[in-house]
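Here it is, the structure, as structure tokens.
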Amino acid sequence: MTLPENISEKLHDSFAKQSMMTTFGAQIDEIAAGLVTLRAPILEGCKQQHGFAHAALTFGLGDSAAGYSALSVIPLEAEVLTSEMKIHLLAPAQGDHLEAVGKVIKPGRRLVIVQAEVFAISGDARTQVALMTGTMVPVLPK
Amino acid sequence: MTLPENISEKLHDSFAKQSMMTTFGAQIDEIAAGLVTLRAPILEGCKQQHGFAHAALTFGLGDSAAGYSALSVIPLEAEVLTSEMKIHLLAPAQGDHLEAVGKVIKPGRRLVIVQAEVFAISGDARTQVALMTGTMVPVLPK
Amino acid sequence: MTLPENISEKLHDSFAKQSMMTTFGAQIDEIAAGLVTLRAPILEGCKQQHGFAHAALTFGLGDSAAGYSALSVIPLEAEVLTSEMKIHLLAPAQGDHLEAVGKVIKPGRRLVIVQAEVFAISGDARTQVALMTGTMVPVLPK
Amino acid sequence: MTLPENISEKLHDSFAKQSMMTTFGAQIDEIAAGLVTLRAPILEGCKQQHGFAHAALTFGLGDSAAGYSALSVIPLEAEVLTSEMKIHLLAPAQGDHLEAVGKVIKPGRRLVIVQAEVFAISGDARTQVALMTGTMVPVLPK
């Protein structure tokens, strides 16, 4: 399925307005219909007490990837809000950067069910550090 | 129940080592046995696309408050890791700062079940913006 | 807040149509606005391998109590569906019967966020065996 | 990976002791290392108000499949308990029977992270009706 050019623009515009993504040093890696990949370095200011990526970074990246995957399958004028999200932290988020792959499990007019997998990349090694499932709510502008 | 002085020290030491908490401008407000309150301003660099607090801030603060509430009820030499956490986002996180109240639902040697409520404070108004439940794993030093 | 008589009727009608509730021997204990209590004996046919109540019974009772609490705060003509539910099992469900207290955390036109607590009753003892949070979706008849 | 014969025996023994599985008419379809499939008809006594399978059946089958997948990867003398489980209900559970595929996401000595997918089978059609993720706790006999 080809993705309309204006959907890509919409995601990049929304992403640029999230100052937290700038603080995280995050960027959009790939956008497809129902599948969005984000990436962020593990910055000095985003760590927990053992020097691994903080769960707030892992969660924030995964939640955004999942949200943008939902955004890619709803009407162009709508936005999405996260209603709920569960995260399983599977391994210490150790390495150079994190990669979050968000995808749509079940699209819908009222709710979009999403999943995200987050990986820590250290040189050639890619370790899954989180599995997330959640509920996105499409919101039309008033 | 009075909290031993060294538990308070342990929490403050651990908190100070989390660079993400410094980036968030977060601080410890209150520590009691099984109940920890954290607070953070909604900084310019921690927002989503509408200017509200980003879910990564809300999650990170609630997860840490919940984790520290678990830390307050386990042996002094042990640490805790978040195994899983679910967050319901109940309202836009709009205001001056966020307050996260973490508490222990069920203590245990192998697992500690925790809850966190996050509030947005705007002048005199205090609105609940998130409800979280999760699983913390006590880890003894090797 | 007084509950209109026809809401109580609506809940009892819906409950009577759920054959699973009959199989469980469940009944409605109390209906208030945003708060519904169900109860069921721990029948011989509803146990797990140690003779405690099976998680399917605990979940089913809590999910229904939560769903009916949502049903009590939405328009009379609407129904609700569970979209997602998380359950923490806190203790073995041992005793004479289970009691599930469902309540609305945040009402809404599109989503109702709910909570349920399930207790095992054994003589005079009442032990919390589960904590649940979830998302109910109001559905209007076509 | 070949599964030792005595693991299969252990699962069948445990399954036979769960009276709820008998009430559901459930059976074990397949056992592999870290992957267990269960199946149950949608009996007259296990329905919700629209005649679809009740969420308690869907949950109970998925939870058991996930639990047995964990049981297949832990020491033979240990059992597992569900600590927490989240279920997304994706579609009405309509058809002849349900099939639940449980699998291990991350094995561990203290915790086993699991997933289950539940499908409704109606003639040749197989529709996913639920996605679950959860935490199993291995318990050694005292």
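For the reader, a short list of remarks on this structure follows.
Chains: A, B, C and D, in written order; residue numbering restarts at 1 for each.
Simple rule for what comes next: a residue touches a chain if its C-beta (ideal position, glycine included) is under 8 Å from a C-beta of that chain, and two chains touch if they have at least 3 such contacts.
Please read these numbers as outputs of a predicted model, since none were measured by experiment.
Taking the definition of touch as given, a chain qualifies here only if it contacts chain A and chain C alike; those chains are B, D.
When you average the Cα atoms of each chain and compare centres, the chain farthest from chain D turns out to be B.
Of the two chain pairs shown, A-D and B-D, the one joined by more C-beta contacts is A-D.
Averaging C-alpha coordinates per chain places the centre of chain A 30 Å away from that of chain D. The centroid of the Cα atoms in chain C and the matching centroid in chain D are 22 Å apart. One inter-chain figure worth recording: chain B and chain D are separated by 34 Å, centre to centre, where each centre is the mean of the chain's CA atoms. Counting partner chains per residue, chain C has residues 83-84, 86, 88, 113, 135 touching two or more of them. Of all residues in chain A, those touching chain C in their complex are 83-84, 86, 110-111, 113, 135, 137. Residues 14, 17-20, 22-24, 44-49, 54-57, 59-61, 63, 81-89 of chain B are the ones touching chain A in the complex. Residues 86, 88, 90-91, 105-106, 113, 115, 131, 133, 135 of chain D are the ones touching chain A in the complex.
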